[in-house]
Every structure is written in C-alpha cells, then in structure tokens.
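Two complexes are shown next, each including chain A; its partner changes from chain B in the first to chain C in the second.
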Partner chain A sequence: MTQLPAQTERKLGLVIDLDTCVGCHACVISCKGWNTENYGEPLSDKDAYGANPSGTFLNRVHAFEVKPDTGPAQTIHFPKSCLHCEDAPCVTVCPTGASYKRTEDGIVLVNEKDCIGCGLCAWSCPYGARELDQVAGVMKKCTLCVDRIYNENLPEEDREPTCVRTCPANARHFGDFADPDSNVSKLTRERGGMDLMPEQGTKPVNKYLPPRPKDTMEEIDILAPLLAPVASEPKGFLGWLDKALEKL
Partner chain B sequence: MTFQQPHVDTQPKVSDEIRKTTCYMCACRCGINVHMKKDDEGEMRVAYIEGNRDHPVNKGVLCAKGSAGIMQVNAPSRLKAPLKRVGPRGSGEFEEISWDEALEIATGHLGRIRETNPEKLAFFTGRDQSQSFTGFWAQAYGTPNFAAHGGFCSVNMAAAGIYTMGGAFWEFGQPDWDRSKLFMLFGVAEDHDSNPIKTGLAKLKERGAKIIGVNPIRSGYNAIADEWVGITPGTDGLFILSLAHELLKAGKIDLEYLTRFTNAPVLVNGDETSDEFGLLLRDKDNKFMVIDRPTGKPAAFDKKGVKPDLAATHTVKGITHRPVFQHLAERYMSDEYAPENVAERCGISAGRIRAIAAELARVAFDEAFEIEQEWTDFRGEKHKTMTGRPVSFHSMRGISAHSNGFQTCRALHVLQILLGTVEVPGGFRFKPPYPKPAEAHPKPHCKVTPGAPLNGPHLGYVQGPEDLMLKEDGSPARIDKAYTWENPMSAHGLMHMVISNAHAGDPYKIDTLFMYMANMSWNSSMNTKGVMEMLTDKDENGDYVIPNIIYSDAYSSEMVAYADLVLPDTTYLERHDCISLLDRPICEADAAADAIRWPVIEPDRDVRGFQSVLCDLGARLHMPGFVNEDGSAKYKDYADYIVNHERKPGIGPLSGFRGEDGDQFGRGDVNPDQMDRYIENGGFAVHHIPEEAAFYKPWNKAYQDWAVEIGLYDAPQPYLFNLYVEPLRKFQLAAEGHGHRQPPEHLRERIKETLDPLPVWYAPFEDGNVDTEEFTVHALTQRPMAMYHSWGTQNAWLRQLHGRNPMYLPTKIFTEKGFEDGDWARITSAHGEITVPVAHHGGLNDNTIWTWNAIGKRKGAWALDEKAPEATKGFLLNHLIHELQPPKGDGLRWANSDPVTGQAAWFDLRVKIEKVDGPPENSQPDFDPIKSPVGQGPEDLAWKVGK
Partner chain C sequence: MHPAPSVILFTVLSGLGFGLLAFLGMGLPDVSGGVAFVFFFLGFALAVGGLISSTFHLGNPKNAMKAFSQWRTSWLSREGCVSVAALILMGIYAAGVIFFDVKLAQIGWIAAALCIGTVFTTSMIYGQLATIPRWNHPLTSAYFLSLSVAGGALLAGQVKAAGVLLLIAGGVQIVTWMSGDKRFAERGHTIETATGLGDIGKVRMFEPPHTGTNYLLHEMVYVVGRKHAQKLRMIALGLMVVLPAALLLIFHAGHMLALVAVLSHLAGVMVSRWLFFAEAEHVVGLYYDKR
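Let's look at the complex of A and B:
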C-alpha cells in the first residue's frame, strides 16, 4: 500500500472542453507518439497489422450519443485519460509502491522499475484510465507529460502536455488548479467545469466543460419582423429597389 | 514509513535535431517538426513528430494523421523496388527489377507512343500535390490525356467558385475566423481542410459565434455545431435558393455591394430571336455595360465615377436590356422557392428555413461593423472604412459530389454575394493567388502532334462552345471526354471515366495507362468490381484490352496488383516537393506562402521520388523542357527542377528567397541556395499582404498592385463577381440552336436545363433513373478525421482508431426493420449489392445511411493480415455506384457525373435495405486475396528510437 500525500503544493491537471472537441483523436495519437519515445517503456502494439490489433494508449476518445427529450440526437466526443485524482484509489491499492502521487504537483505516476504488472491499480480506477502494456508487462498511464512540462530542453511555450499542444480545436487546457487565477481555474469557474463521476469520491483534478445547449433556434412564422417583405407584389419590389438605391 | 518519491527525469533530451518539413498524411499541408534521434548505430531516425508553431497553416497544432507519420514511414506496406508483373494482371505476382530495367521498359512504351500518336497515353495522377509539374511534363510529352483527381473529388465547388467569383473554399479562401459571428457549414470533407477548420471552429466558439451545420449526418464538426440541419442529400441547392428567396423578399441584401462589385447591374440582351439573347451587353472595348444611375445613360462598368443602377432598363434598337439583378430577383422571388414549397423535399421545416434566413439577415446587417482602414477601388473611388458583414460559409464535397453539384455550389456562392460577405471583414476571404477570375486562367488545349508537345496546358476554363476539346469530326479529343457537350466545363478532367472509356474504346482506344497515387482498382473508382474486370479484360487475341499499365505508388495498395510495371515512390519524409503558388499553395488570407518537403530521412529501399523519375523519363524521351541543348538531362532530380525551373522569366515553382541574394519574393532570378533557405526557414516562405489590401481584393487597387508586384498577375485585373455566368448561357444558346458549334441532339434538352446562367436546382439524376419508391434511402460516405482515404490502414496507430466501418442506420430504419447492433444488412442499389454489418446512429437524416470511406481493404493489400477486420468486415460503398447511369436504351454511355463539370456524382446514390439472417463470415462482395509484393507486417511493435 502506498500513501497519498495529505496535500500537494500544486494541482496540475487538464480542462477538457466537451463543447469544442470534434473527436479527431489528435490528442490520442500525439500522446502515443510522445510517450512511445519518452517516459519508460514504449507504448506497444500487439498484432499491429493483424486481425486484432491492440495497443497501449494513455488517452482515448469515446463518442456517446445523447437523445434529448425534444430535438435530434447529439453526439458528445469524450476524451479520457488519467484524472490525477486527489484521492487516487490506484495509488493506495498498489502493493509495491510503484504507483504514487507526487507531492510537488499532484501528478500520479507509475515507477516502472517497481511495477510488477499485477493490474490492481487498473482494477481500482473507476475511469478505466490505466492500461497494462502487453509487451513490457508494466502499467502505463498519463504522466501529464512530466517529462515535458519542466523540460528546459524544450522552448518554454512547449512545456505543456503534448495532447494540449497538438489539439487543433483548442479543447484541452493545462494548468494549476491550486491557483485560483490560473487559466484552468478560471475556465472551470466560468464554464461550469465538472468532476467526472464525483460519487466515486476520487476527487479528480481534471475537469470537463459541458457542451453548450444545442438546437435552440426557434422556428419563425411568416410574420417575423426580420423577414417582413418589402413589397407584396413583384412590381412593388422594383419600387422598393428604386427607393433603396436612391438612399445609397 | 514515509514514502520516498522516486527520481523522475524531467529534463530528458528531446531530440538530436529537429528537421522541419511539410506533412502529407492528408491534403491539408501542415508544417511539421520532425524530431530526429541517433539510434544505436549512430544513424538519425525519426523519433517524434509535432506541429510547427511558425507555420501559416497549422500554427503548431497537428491532427492524429500528422502525429502518426512515424508509423507511415516505417509501414511494412512500403514498396521496396521496381516491380515487373510476372503473373496475370490482378494476381499481385511480380519480380523485383532494377531501375535501369524499369526505366527502359517505361521509355520503350512512352517513346513509341510519343513518336506515333501521343493521345494513346493516358497519364492521370491521383492525390497529387505536384500538378503544376506533372501537367508541365504531360504537356511536354504531348498527350491531351492528363488530369489529377479533381474530377472525382470537388471540381464542382472549384469550378462554380472560379466562374462565380474567382475562387472557392479551402485552397482558394477561408472564413474570417477572427471576426465571423455566424458560420454555416454545408457537408464537408474533413481534409478540406483539416486543422484550420478545427482551429477556426474553436475561435468561433471562444467568441460565442453561432455555428450552423447542414449535413444529413451529425458527426465531427456537425456534432459541435449549435444548430444541426439534417438535410436530405442532394437538396442543398433548393434550401439555399429558398434562403435567397426570403432574403430578397425582405430586401435583406447588400445593394451597395451588388451594384459596385458584381454583375448585378450589367445589362442582359432580351431579344429572343437574337444570337445574343441572354448575353451581356458590352461596349466597343468589350466592357460590360451598366446604366449609370445619376445620368440614366449606359456606361462601361468600370468607368470612373459610374454609379450602376439595378432598377433601370435600357432599350437599344427596340431590344430591352434588363440588369442581371432583375432576372435574378424575378427567379428567386418566385413561389417555387418559398420555404413551404421546398420544406418537404429538403427535410427542413419552413419555419426553420425562415429562422435561418432571419439569422443570416440579422447578423449580416444588424451586426455589421466598420474597420477604420482606407482603401481605393478599381474605379478610383476612395473609401474611408471597410464594412464588415460577419457571416461566413464553408463547404466542399458534401454538396459538390452530386449531379446537381455545380449549380448547388453556384447557389451557395451567390448567397454569400447577395449578403455582401465575400472579401469583406467577417466574411469569406480569398487566399493568394486567388481571387483569379475564369478569364485569367488558361483555356484547355488538346492539339496533338507526334513527337512534339501539346499546344498548351491541358486544363483550364472554357468561355463557350468554341473552347470545347473536340476533334474535327466533333468527337471528344480526350479519353475522359472532358470539355465536351456531356460536361463542357470539366476544369479538372474526369479521372473516374478514364479506365471505363479506355476499356470501351469510347471515344478511342489507348495503348498505355500511366497513373500515380490513385487507387483505381479499389476505393478511388466507382463500380470497383467492374473496374477490376476492365483492367484484366482481354480481347479476342488474348491481349489485354488496356495493353499497358504503369503505376507509381509508395505503398502496396490494391492498384499495384493491376500494373505491369510498378515504379516505387518514396514516403513523404524521404522526398522533395514544392507546395507551389503555381499550383495549390498554403497561403492565408493575409499572406502569400508556399512550402517544400525535403528528405529528412533517406530511403532504406530501392525507391525514387516519382517526380524525379519523371525528370529522368523526360530526359530519356528528349522532351523539351527536360533536356539541355546538347541533349543532356536538364534536371538531376525534382529538387533541381524546383529551384531552377522558370515558368516565366523570374517566376518559378517557389516564390521565396529568389534572386541573387535570396531577398526577393515572387519575382526574381533563380537562387541556387533557395532550397537551403527554405529548410533554414522551417520549410516555407511567407509574404504578407499590406493592410489596405487585406479585403475587397478583386476590386482593391492596393491588392491588385501587390499581386502584380509578386508575380501573381502580369497586370491589375479587377473584375465583377458573376451572379450571372455568361459562359453557361453560351452553351445554353448553342443548345437552343444558335451558333455553328452545335451539341448532339440527345444532349440539347439537358444542356438547356442544367447550364443555366443563374443557379438552378434540379433533382439528382439518380432520382430520375431509378424507382424512388423502391430505392427510398440515400447512402453516403464520410472520411474519418483520423484517416486519409486508404492511406491510414497501413498505419499501425491509426488503424486502431478506425479499423471497422459499419453501415450506420437512422433510428427510423433501424427500428422499422427490427435491427439490433451486430446485425448485418443487404444494401442494394440499381447497380449492385453489398452485405455488411450495421450499427445505429440517431443523429442522422431519417432516409440516409452512411459509412466511413475507404476503411474496407482487399485481402493481401497494404501488408495486412488477410484476417484483418478491414479485409473481412470492412467494405466499400463503391460497389453500389456505377460510373455510368443505367442504360437508357439509346446505346449511349451516360456518365454518372455532373452535366456541367463532369464531377463524379458519388452522393446521388439511392438504395434499399434488408436485414439478413445468418450473416456471412465476410462482408460481401468478397474478393480473392492478392499476393502481397511486400509480405506482411511484424506482429508486435514497440517503437523507440532513443535509448
């Protein structure tokens, strides 16, 4: 069993905007690319060109269909990776201490040297955010790009998770939730950022911004002022035209 | 026990070197940083790819395809060496040969044809980004038979845009994402364009702008739209014209804009007996005539101080001429276009159509704004401000790929113009070298001379029947019948008809089919099974009906198996390219820009860049432009061409870093260091448009002068937008019996109906060809954001995102037919049937089904296991779509194409659906495996370059 820190100095995490996510998977593959080449073992792919390809991903995008009471069905694209919970059950369940939450920034990591691949942490995570790499036999999860965000080998503007840097729809934001003035704290306040499955009591750090209401345009009947006809017959239209041109 | 946090290396070395080039995982052309690391042997390898923040297209972001590029350059499907067919065509049996032998075989065929009859070569390139070069090569070779893939992609959008306003969407221009407040998106193919649309949508959302998605399918961009309009496929034109109806009736149109900048005031000949009936009145200098409102007198449209009138008429010699605008208003104000009368057909309620029209009117006029920026128009009039109308539109394949696509695209362009939102702040903005009207483009050419070049460029914009590509006997000059009465304005050719026509010998037989990067025996053809048969069909002598096929591709695609000779291309990180201002550049609305690719890695196989191979073949064939005076090869390779070729003195493929000191943009002498300068600059060059030239480009003196300065034009060429397209009227006039060049009888009525100079809506041809009571359902494909045609499947990462493509059914059909997830259905069209897995999708037009494009694969292709889901459960909709309309009993072959441009009418398709019991093991039709020339990929991947 590993202990969670009582509190962390910073609470780094992501805000994911479900209003703008178009489900393009840019974040999924950028994450795969960075984390295959960096932190720990590469993210492998079994049966890569075969009948049942199955690879390790630290971030996946799911799509859900929602049918409101009125109006047509909607599709929500839902990117999901580790939420770096304050009360992370994956940490306390780890028998070797490989799984831990960093005291300085709250990032939940797996120390691959100590990981025995038992899978308990993946079982305990209510979000299904951990994947056991089938080739390396160690548990993989989102590192919040801990090897990017402080990395002085990168230009300062690039010291953010690769999924955030690459997102074309600007649906992903990175910052410190412990700082009320940070971009992520502000976005969460202004847009009603939500916890994912708060009933699980994990206190996730990452927040989701809900989609704004859709299909709200009201139908307009013939007498709408914006579309009031300028004339009742074609000849009248020419008269209107003449007058309107005179005013130019 | 206190837990000791382990040490984490937060400062790892990211790479040994960053090489900046241009992505080619789709057509979007983003800038990428390729991070290189030394491997154990000290060799530089690709370690990681990210977007280039400085690049004008993507500004740092990158989509899934782009980030997966590393899996494309290590893909096991890469061809390894030139291949010569040793088994029957289609078997995939090849032997590897040397480049010397391959080029000797190619030169043998090409040389023989060139000396005898160059039209016997059909040279078509698929998703080619080097068309100004491949076209130059084909012109020097002398065949009339050249085009790229535009004919089966989006030529309707491009041609409608060029003829209407001198450019269309995507490569031609973009919404003013920073100022637009209402954005309407019709249909859309995801890579047209990929990242800029996503970035743009995010900007709109951030500012609280409204997004309206018009698409039978609510996925992707439409999933985040504020309003989803689930329109019936093929009715977009009717919907748009109904919006125009409401706006005209309410007077919510930009009269000032229409009078100043469009041909709305230009006078139309009203003499029904005249050869000029419906043509535009011109003065002795051939300038369009308008009525000057203050004087009431006719005047040239561009006369200094002229104030064109829309309300007047003009009578000369007893003939009444009315302005274009009066014809337009009369047509669209007719009840035919009233919301009530189109609602059912479009599947959109009348109240909703009015609501959208009202919102367009409100935002365009009530939210108009001024930018304090002086500018001078082409009439010499100075304006103190620029008026913003913050409404913009975007569309590509969704509305294009119908047999009424050209006129639908025209309707959309006309709608933007009525609102006065083109080339104004907040609206739609052109990107250099656009705006460029049809008259400023070349006309097509087809005069063949054995052993000599063609008499001019193949493709261009016709102005009337006199420009058609017909032989003296009136038969088509081109194998694809482009620029004939069947499709007079086929600006991109008809690649989808080449194999079918060559097989039928209609209009003539060919000797050699030479293709590049076009998967014609699979997802890039209609009637895929039929095409496979045409490619393998033999005549009575036992010879192939299409005698020789040469094909170039980087990967083991389905088409490779049908070639006699395969010229293996490089991957995109192993090659030179230029994304040129002569072709389809990467410009932004505020800047001209172009880009290169360069070999950030060297090929580890015996492959060569196709364009370099063309340079070599051109020299071997002694083609002008490819040899020096002494007969030696002019260009060592494509890079040599890119730097040293001049199209006109001082103008070459790349605009940046020209001249001796490399400090000139656009015009300038050849600079031998140009390629290095591009590489140093991140793979691209940008030249900004002055602020006073940023809007009103077709009419803005400052822009016109700037465009001349950098070589986009030779002289300023201001022009009017064409609400009324006179060249269309010229074809109609011919069909009405005027003029000496006459259409064949069977096409007269169709030309009269469809080549209308004002946008018109007619039902897709399929509706008239099949029993709509039996085939009640529309069937479409969409491209996933993470895949580009067939290219994604060989990519180990991307195929995990989209390895399956069920047929998605709307709730109505799904429940009525008693389907459950996991069921299979037989989908039947007038042409064929497929049996495929289905799934439910609620956000779907009630009578529309759809699937992902090009996920289905032929067994044996792309180095996949024959049991890969793409090959067992995946499928193509192509089997249901024929390249011809059903026979009409007249013995003629009627193309399943738009009658104006010849664009493939993919989305006209109608089908019926039945549930099947006892699903088959594989999707049907199921084809025998082809033998893989590259073997199969490894089982596991754990790709890490660094230690």
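Let's look at the complex of A and C:
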C-alpha cells in the first residue's frame, strides 16, 4: 500500500558521521555482499571484468572538497544510501504498491514480486538511493538490513545493518530515532545532526553529523626563546665566503 | 533525464490519439459509418500504440496489471485507470456511431472528458516530481494538454480551431521553456544543500563514488546534446506550431496540405518532447557535480 503511515511506532535509521568517515568503502562492499547473498534479487554487475563495468549498489561513498573562506580546503567522505524518509515520495508514486513504508519501524522497502520496474520511484528520490537492477529489472534499495536486525540466528552483536557492523572507523550508527534516549538521538542532538536537501521536504530519518570544526595549534613552545638563532649574519670564514660570493 | 525513445513515442502518440478521440467523442467531426471507422481507428491506434510502447520502458512488465491498484496516491496508477475507462467508454460510443448510426452523446462527452483526463494524469506523472524542478510546475500539465488538444483538432480536421489551438500551444511552450530555465536556481537546490556542508564553505566534488557509470547517471544525469537546445527549440516550434498553423490559417489547407501540417506537427512535437526530457535536470546530479 503506497499511502504513507501517519506515524510509525519506531523510526529506525542511521547516523553517519562525516567527521570520522575515512572513505575506505568497506560499507559499500559489505552491503553489496550481504544484499547479493540475502534479501531479494542479487545486486548484479554488468561487464564486471571488461572495459566498462557497472553494477547495482545500495550504498555509495562520494567525496567532496569544502573550501572555507580562510584556511585550507577539507576533504569529506560522504556515504549515501536510502535515508528512509518520513515523507517518502518514492512510496507514494509507486503504481503497484511494491514500494511501502513499514508502520512498525519506518523502514522503506520494495516488494520485488510486485515491482514492474517502471523506475518512477528512483526518479522521485532526491538522493539517488534507488537503482533499478539491470539484470533482474526490479528496483533495489537499502533495506536497513531488515534480514539482520531481527535475525535471531545471528549473534546479538551482528543484529545491525552490515555497513554499521563493518565500518572500521565507527562512522555509522544504527538505532531508533523515535526514542529520545537512543544512541542515534543523542548523537544527533549533541553533534548537530542534519538533513540532506531539507528543501525537498522528504523529512529523512537518517541524519548526517557535520565534520567537527578544525582546531588551530597554539604556540606553547617554552624552549623556543632559548633556541632562537643567536647570530643572524655568518661570521669568520663563512662570512668572508658570503661577502665574496655576493660581490661576484 | 534520459530521453528514452519509448517514452517519447508513448507521450507523443498517446497525447495525439487521446486528443483526436476527445474531439470525436464531442461529435467533431460529425461522422458515421466507414468514415467514422477510419477516424476512430486512427485515434485508438495512436492512443493504444502509445500505451503499449510505454511498457517497453518497464524492467519487469509481467506485473503490469498490478499498476492499476494504487490510484489513491500514484499518478501513474491513475493514468492506467483513467486511460482504460476512456478507451472502454469511447469504444462503446464508437461502436454506436460506426455500426448502428446512433449517437450516444452523453457517453461521448464523458469519454471525451476521460481522454483529456488521461493526458492530464500523464502530465502529472512528470509534474509531481519535486526532484526535477523544470517539470515540477502546473505548466507541465498546460504543455501536455494544449499540445494534445491542438494535435487532436488537427487530426479531426477542425481547420480553424486547430490553427488557433496550435498558436495557444506554441505560446504555452514558450512560457514553459522560459520559466523552466530558471526554476532549478529558484528552488535553491545546490551542492551545498545536497551535502549539508555549505556552512563550512564552497563545496565541489572531489572524487566520484565510482569510476564507471551506473543506473542513476544513465537515467537521470543526461547531459549530452543540450548545447544545441536553442536551435532545437526553434526547430520544434517551427515544425510543431508555425508551419501547420500557417498552412491552416493562411492557406486554408486542403487534404494534401493538411497531411503536410500533420506530419510537420508530429515531427515538431517529437523534437519538443525530446527536449522535455533531455533538458530536465534531476537534483541527484548535484551529488555528482553534473546536471
């Protein structure tokens, strides 16, 4: 059913820390792996070993450069996947009811059995979070690893999205935004978590933590005065050489 | 946006077909028997042919029946429902006119309204998308509707009306282009709002997330061929509006000239529709620093 729930019991989603992401793409690979081996159609590749490889991914890491008015430019690695929006336009445009948002936890999913592969949902997503699989012909998107987070066959510590589990820099956090005391709610509050393209009105659940301001090193070198160069002009032989060379 | 030939063909042909059927439903021209058969055949062929070609764009067409189910929220689903209703009612009206020489005028009028409604739902599939500012405006509906009605009048042989309606469609087209050119900037979508990094400073792409292409770039970040846009606009306008309108209004075209007017109009609408897609910029391009 493509009518959006007025409210969901829980709001599961991710916090992505742009300060700590090192751009290693480990989350991209683990996502591709898990979602090829599990839920729904595998994420296909075309011409994987040829000259023009391309494939379906549910998570991609961009990299941007930001140049402040003063000071050096910063590089920011920028993972991007479905933000499980509260006002998800991708759900309401779907003609078949294949796209839906779950009332219990707010996860946005595609029922691949119903999808006709019209691609309209991908057109309606501002964030490029949906890709039509070129082999299966159905729409693929992040499932928030719905087949991990509730999976009692997995050890407790693995019951989170595979990107979160994999991230070596701890730049990805998973939790319930409806609970003000959850880790993700706290992080969002403390670090000023933000929405991407808020002017699109999609109300994303996932939040991005902006890079922390760069600090500047203060001069606190107590030995510096003692080590200052005593003679600024060379003397003796060196002084003579210096003058002689100058005259040449 | 990628100008997929199947979608261009679909919107152009079905727009014309439903336009023609709408006039026939209103009894313009007032035909019966064999002549009516030819007119209705053309209308149905264009409308249905267009609808069929649109399924070539689907990745998984075997589920197409399910697309009628979500009319509460989805314009694409509404398009499916309204078009089928229009075709069924128009079929009943056509059968009456062709085979029994009876005019079920009320049914004809309702069917005509549904035909126009179909074109409106098609236009809303594009017009609803906030992610493509150029399309996200009532002018998109005005553009589709005015062209469909003008083309329908042309095919229905309504010489005077077609001439005037073509000029109106031309005007709508010009306004649509001019306001569309500004809308992306007006909406304020930038690489800074897309990344949320604008507070720090000026943002630019440092490295793309993948070296090859992908579905998103192929489908939504179509940048080739836009540099000829201005020339193509002139060609579109000339073929779609100026030449046929001149033939109809100044030369009072007979059958041969009318055929020229129809073919010219058709070619012009194709060019215009190609531009409609090729010039449309999707906000996801911001994440790739291209539009």
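Quick notes
Simple rule for what comes next: the second predicted complex is superposed on the first by the 215 of 248 C-alpha atoms of A that agree within 3 Å, B and C clash if a C-alpha of one lies under 4 Å from a C-alpha of the other, contacts with A are read in each partner's own complex, and residues count from 1 in each chain.
What we mean here is this: contacts are C-beta pairs under 8 Å (C-beta built on N, C-alpha and C of every residue); 3 or more make two chains touch, one makes a residue touch a chain.
Because the structure is predicted, anything quoted here is derived from the model rather than measured.
By the touch criterion defined above, A:Ala6 reaches neither chain B nor chain C.
In the superposition on chain A, contact is made by A:Leu196 with chain C only, not with chain B.
Look at A:Glu65: by the touch rule set out above, it reaches both chain B and chain C. By the document's definition of touching, of the two partners only chain C reaches A:Ala122; chain B does not.
Legend: residue contacts after superposition of the two complexes on their common chain; A:Tyr150 is shown touching chain B, with no touch to chain C. Contacts of A:Pro211 after superposition: both chain B and chain C are touched. Looking at the superposition, the partner that touches the larger set of chain A residues, chain B or chain C, turns out to be B. Contact with chain C, but none with chain B, is seen for A:Leu132 once the two complexes are overlaid on the shared chain.
In the overlay built on the shared chain, the residue A:Ile76 is in contact with chain B and with chain C.
In the superposition on chain A, the residues of chain A contacting both chain B and chain C are 2-3, 28, 53-55, 57, 65, 67, 73-76, 97, 113-114, 136, 211. By the touch criterion stated above, chain A contacts chain C in their complex at residues 1-3, 18, 28, 52-57, 60-69, 73-76, 78, 80, 89, 91-98, 113-120, 122-128, 131-134, 136-139, 194-201, 208, 210-211. Residues of chain A that touch chain B in their complex: 2-3, 19-26, 28-30, 32-34, 36-38, 41-51, 53-55, 57, 65, 67, 72-77, 97, 100, 102-103, 109, 111, 113-114, 135-136, 146-147, 149-154, 157, 162, 165-171, 211-212, 214-222, 224, 226-230, 234, 237-238, 240-242, 244-245, 248. Only residues 1, 57-64, 66-70, 72-77, 80, 125, 128-132, 187-189, 191, 193-197, 199-210, 212-216, 219-220, 282-284, 286-288 of chain C touch chain A when the two sit together in their complex.
Contact residues of chain B toward chain A in the complex are 3, 5-6, 8-14, 35, 37, 47-51, 53, 58, 60-68, 70, 76, 194-195, 198-199, 201-203, 205-206, 218-221, 223-228, 230, 246, 248-252, 255-256, 259, 293, 309-311, 326, 329-330, 333, 349, 351-352, 354-359, 361-362, 785-786, 794, 796-801, 803, 811, 841-844, 863-865, 867-869, 872, 936-946.
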